[in-house]
Amino acid sequence: MANSTSKSGRISIIGASGYGGLQLVKLINEHPIFEISSLYGERSAGKSWNKLNPFLKISKDKEIVKSNIDEIAMTSDYAILSLPNGLSSQLTPLLLEKGIKVVDLSADYRFKSLDKWKEVYTKEANKYPRFDYELCEEATYGFSEEFYNDIKNSRLIACPGCYPTSSVSVLIPFLKQGLIDSEGIIIDAKSGTSGGGRNPKEELLLSECSESIKPYGVIGHRHTAEIESIASHFAGHDVYLQFTPHLVPMVRGILSTVYARLRDPGLTAEDCKIVIEAFYKNQPFIDILPVGTYPATKWVKNTNKVMISVEVDKRNGRIVLMSVIDNLLKGQAGQAIQNLNIIHGLDSDIGLPKITYYP
Amino acid sequence: MANSTSKSGRISIIGASGYGGLQLVKLINEHPIFEISSLYGERSAGKSWNKLNPFLKISKDKEIVKSNIDEIAMTSDYAILSLPNGLSSQLTPLLLEKGIKVVDLSADYRFKSLDKWKEVYTKEANKYPRFDYELCEEATYGFSEEFYNDIKNSRLIACPGCYPTSSVSVLIPFLKQGLIDSEGIIIDAKSGTSGGGRNPKEELLLSECSESIKPYGVIGHRHTAEIESIASHFAGHDVYLQFTPHLVPMVRGILSTVYARLRDPGLTAEDCKIVIEAFYKNQPFIDILPVGTYPATKWVKNTNKVMISVEVDKRNGRIVLMSVIDNLLKGQAGQAIQNLNIIHGLDSDIGLPKITYYP
Amino acid sequence: MANSTSKSGRISIIGASGYGGLQLVKLINEHPIFEISSLYGERSAGKSWNKLNPFLKISKDKEIVKSNIDEIAMTSDYAILSLPNGLSSQLTPLLLEKGIKVVDLSADYRFKSLDKWKEVYTKEANKYPRFDYELCEEATYGFSEEFYNDIKNSRLIACPGCYPTSSVSVLIPFLKQGLIDSEGIIIDAKSGTSGGGRNPKEELLLSECSESIKPYGVIGHRHTAEIESIASHFAGHDVYLQFTPHLVPMVRGILSTVYARLRDPGLTAEDCKIVIEAFYKNQPFIDILPVGTYPATKWVKNTNKVMISVEVDKRNGRIVLMSVIDNLLKGQAGQAIQNLNIIHGLDSDIGLPKITYYP
Amino acid sequence: MANSTSKSGRISIIGASGYGGLQLVKLINEHPIFEISSLYGERSAGKSWNKLNPFLKISKDKEIVKSNIDEIAMTSDYAILSLPNGLSSQLTPLLLEKGIKVVDLSADYRFKSLDKWKEVYTKEANKYPRFDYELCEEATYGFSEEFYNDIKNSRLIACPGCYPTSSVSVLIPFLKQGLIDSEGIIIDAKSGTSGGGRNPKEELLLSECSESIKPYGVIGHRHTAEIESIASHFAGHDVYLQFTPHLVPMVRGILSTVYARLRDPGLTAEDCKIVIEAFYKNQPFIDILPVGTYPATKWVKNTNKVMISVEVDKRNGRIVLMSVIDNLLKGQAGQAIQNLNIIHGLDSDIGLPKITYYP
């Protein structure tokens, strides 16, 4: 049985003090099988985790240390990298060589083609010279529900971006089965501010973004390429779509409102709901809502869930798909643990929250 | 000269204690030409305005009274109705008969066809029997920038809904000139909670909507019909579109992100910007932002402005139009005063705020 | 050993759809020992819990039913009452008679003297005639850390109010040991809006309370009497103090800033910290922060913790005590479960969250 | 008549892009008498104001320039300094020498004694060597309501801090008339995040401070010294008090809840209200609320008002004073303009907002 294993899983977290790192520390600290073997960070190296983070004390306090490949290799089975784009690719090959399995939260291994990555992440490509073409091809895209078997046997997981996780979760069932036009898809996405990270920036100050909503990265946002890449994979041909992210005055959560055209305009919202339900049957983290019930990001806050709703405009056969996630959990650290559960032979939902504290 | 007039404008506000009413009281209280002749309200009748509203004291305090047509006729040149849908239609004909010009904030006269109204506002149509077909035809749709000449000579203005004001402001220039496909238009709109009014409802509690974003009224929202009606008017043929409103955890503001397809895919964002600029030349409340600068609702908070930005995806000729307004001002009470300025022969921007207090 | 028991604890929740009820449902649903036996509610009687609450699905769905004493007696070991003040006292005696142990979240049994209750809760006293003097004397005040032994053997627990829980947690160590003047104590408390409940009220709308802070219930708030009653108990004489609550634009959390005068002005902040640490030694839910680290309500959100900090002004021997809780958990439903754990012979922290998801 | 003057007032704003600067730009741009002569800033020097700030376009666009004393002298009658503490003192003497009157928003001239300033602002004193003892003595503390006559004839105004403005406004009437004990005063103050400025800091990110309230600067906050200095001035003897600021998840606003003991415990809340009303008679920016009506910061947002309420606990003769301001207007830039109005011989309320846009 999958969850009968009790072989320990020792995990190094590299980049522990960002928002992704904080989630990892909490999740692993409370995980029944995994344990934190070490915490790596540049800024806070030499300090006690529990003193630095009185709101997130771990059961066995650790000193934060500078990353050291040999040490990680000696103490850990897995490493989760929560590092800036580009920097991950400098550590990953070294860790893999030592036999450490890597779950990477950056964008560095999300594209099968390193050249595509260099095209999309130009600035990072200039800063970090990369030649790891094979690794890019080898890496598994960690959308847990779709790539379960690949993840199980992978030593390098590229965790999806937060927006892609939310968007493709509703597109895949329809693209894979050819139920919607792959042309003309529009993703209007809304994210809380934690998606912008913990490094202080003027536009993320409460004074600036409270009581306001605004679009950003219109047309050219980097996640467009990632979403298109996955959408194309499932459609079986190149897909180009519109993706517009918006900054919402809240901490956590992403809502994607996705517009497309049904190939068969006779399908009803109920039909489409059944399509998604069948597709995600028995998936512990995917909830399909009744037609007419629309998801609020609050409903999945602090959980690893995706909540999905679908509507169809009978007048013109257009479909509206709605999907909410917690950007820091299912959109980042939660999905990382979900993937590690799979790799480690556990049920994918071990140690992951499913119900929010409402309100 | 337009603004040389000093003939007083005495205005009755009917329904003063809702959010629309509060804006009207403030705007008229500080207006150089207009004055509040009387304040009508059911709930608070008999009470002093200034005692009830210590945060919005008017220079000459008034007792709130129950609406009385004869009294309004004696004391007022204009009446602004800030009443529930359906109820407006019961008072408006009586006021017009007495020679009072009416600016109505409800949806009652927004459709040229009363039958259309009855179809969209079914519940209200059942509650309030209406036969004022001619008035519906006569009424002027108060989108000030487009219907200036009609407004000037009208005795009954139907002020646009908040979502329609924001959405059609960016669509009109392109629909009127046939620059975009009228098929496949998608409006993804985001509103603050004040759009839901001041009557307490569970879903508008801070506890419920803070730290969350959610869609509502998907497919069937009533403003869809209003937007389509105006869009059709300017396109010269029937337009059907997708409109999805979302509730954002902020008090004021609407952002509409509008997606359409350019007829000439060779147009650039700069070209499109020039189109809008030319269209709205010399309009004091419409600001076109440089390409690449996207509007935040905060930029227009507490003002009567519309801020607009445009982007084009060169890959596929799709256009993304963004427009922000303050839903209670340009989206409601501010536009009402703008229309009254026009009717009264004043410059349209007299007494209306143009710059926000930032942040 | 305390936590070796596995005797099941079947719990009826009476009043499940308010904010307190929602917490109870979640906590018990995920509790390793307890289970929900039935869910009682007036408004939603006859409906499926999971259909009504798609964001809080329980493992075995239940129909919400109208409260029925016989049924509760047959199916439950415990009843938690999350009802309006006054109403609890109408059910409690009947439940106790049937041998059901009661944990009451209302104020009905928080005063040893029923006459005191009638004086403070005048309106409720007029609506619900009460003569249960003995029950008031018998009931145990459920501040878990202080009344552990009484709770253990009690059949009726009066769970403390949210403000009292936060305030007295920092006062008790000093009052009991006579370290501060009992005269001149000032409690300046700040609460999120969920403390005002789920029933829609104008002043709790996001539009009203967002971007604002205000005092309310100045001088006469009902929790003053409850705080004074507990403070007097520990001081050994009557204590009168100032308590001023404030409404903060956030959902969950209470911060109490408490001012008092040290009897021995030579005590330092470090000394006082040691006093509290010694007092709350081994308490799993009480965290004393290092001097100079001040607690944010966010640090305890969605947990059952109390985080405490202390400062002393050397110039004048004044002490400033700061305490944060989650008003719906330690301040309400969490403490109820903590008390049930104790009654049931479990470790007091079974099934209760200790670490927040930050941010 | 005071406001009959039409002599222009040309004002240089030095430090225009912080939150204080933004308010100044808006207020002066819309002021009927004053005009912006130049805008100085280091970071944005060389850029167009209107391009940088599309949400705050001024009628005659200006290039932001590096500060240049000679140029300021040639173009301006007044300079408002919105600079970091310490830096102001480097420019002020040079400006005064050229005959420019200076309104300083920093703390540099708020203490009559430069030595006191050096003691409180140690870090700044180390960075900026100062010997301008006479200027410190000469400078006028710009609490407009109390120092009107001094302000009128002053060439150097030290604008009060935001917390002091809010706190001392309610203390002065009682301290000056000896109605409260000067011992044991407690000020529990709550501020929005804009008080922390526009420079990005982790603790001011929306992700960090949203959904949370926390104390900071407990005991040692620098504004304590400023408040004590003013309180001592009006009491006629040294006053030491407790001041605890808190960070509230909102943009603008300060609420001070002030606790003291009445010398005559027989005074009622109504009596105390009359005391304040008489004290602030005819002051256009001070509103005394009816007893039992408590002020929300929202009521004064975007205005230059102070709203005040008072309660008395009859049991013990303790008084609770509540005062709200907009920290960026009455607490900073608004009061600066109020002072300039006075200096320029205008009515003090010219060009300053008195009524908020609610909600």
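Should a chain be cited, it is by its letter among A, B, C and D, assigned in written order, with residues numbered from 1 in that chain.
Throughout what follows, contacts are C-beta pairs under 8 Å (C-beta built on N, C-alpha and C of every residue); 3 or more make two chains touch, one makes a residue touch a chain.
Predicted, not measured: the structure shown is a model, and the values here were computed from it.
J.: Would you say A-D or A-B is joined by more C-beta pairs in contact?
T.: A-B
J.: Taking CA centroids for every chain, report which one is farthest away from chain B.
T.: Farthest from chain B by mean C-alpha position: C.
J.: Between chain B and chain C, what is the gap in Å from one C-alpha centre to the other?
T.: Centre-to-centre distance between chain B and chain C: 46 Å.
J.: Could you work out how far the Cα centre of chain A sits from that of chain C, in whole Å?
T.: Chain centres of chain A and chain C, defined by C-alpha means, are spaced 37 Å apart.
J.: At what distance in angstrom does the C-alpha mean of chain B lie from that of chain A?
T.: Centre separation, chain A to chain B: 40 Å.
J.: Just the number, please: Cα centre separation of chain A and chain D in whole Å.
T.: That gives a centre separation of 46 Å.
J.: Do you know which chain B residues sit against two or more other chains?
T.: Correct list: 19, 192, 194, 207-208, 210-211, 249-252, 296, 298-299, 359.
J.: Give the list of chain D residues in touch with chain C in this complex.
T.: Residue list for chain D touching chain C: 184, 186, 188, 190, 192, 207-208, 210-216, 218-219, 240, 242, 244, 246, 248-253, 255, 257, 259, 261, 294-299, 301, 309, 311-313, 315-316, 318, 320, 322, 324, 359.
J.: Quick check: in the complex, which residue numbers of chain D touch chain A?
T.: Per the stated touch rule, the residues are 19, 192-194, 196, 198-202, 204-211, 249-251.
J.: Which positions of chain A touch chain C when the two form their complex?
T.: Result: residues 19, 22-23, 26, 29-30, 51, 54-57, 194, 210-211, 251-252, 287, 289-290, 293, 296, 298-300, 302, 307, 328-329, 355-359 of chain A touch chain C.
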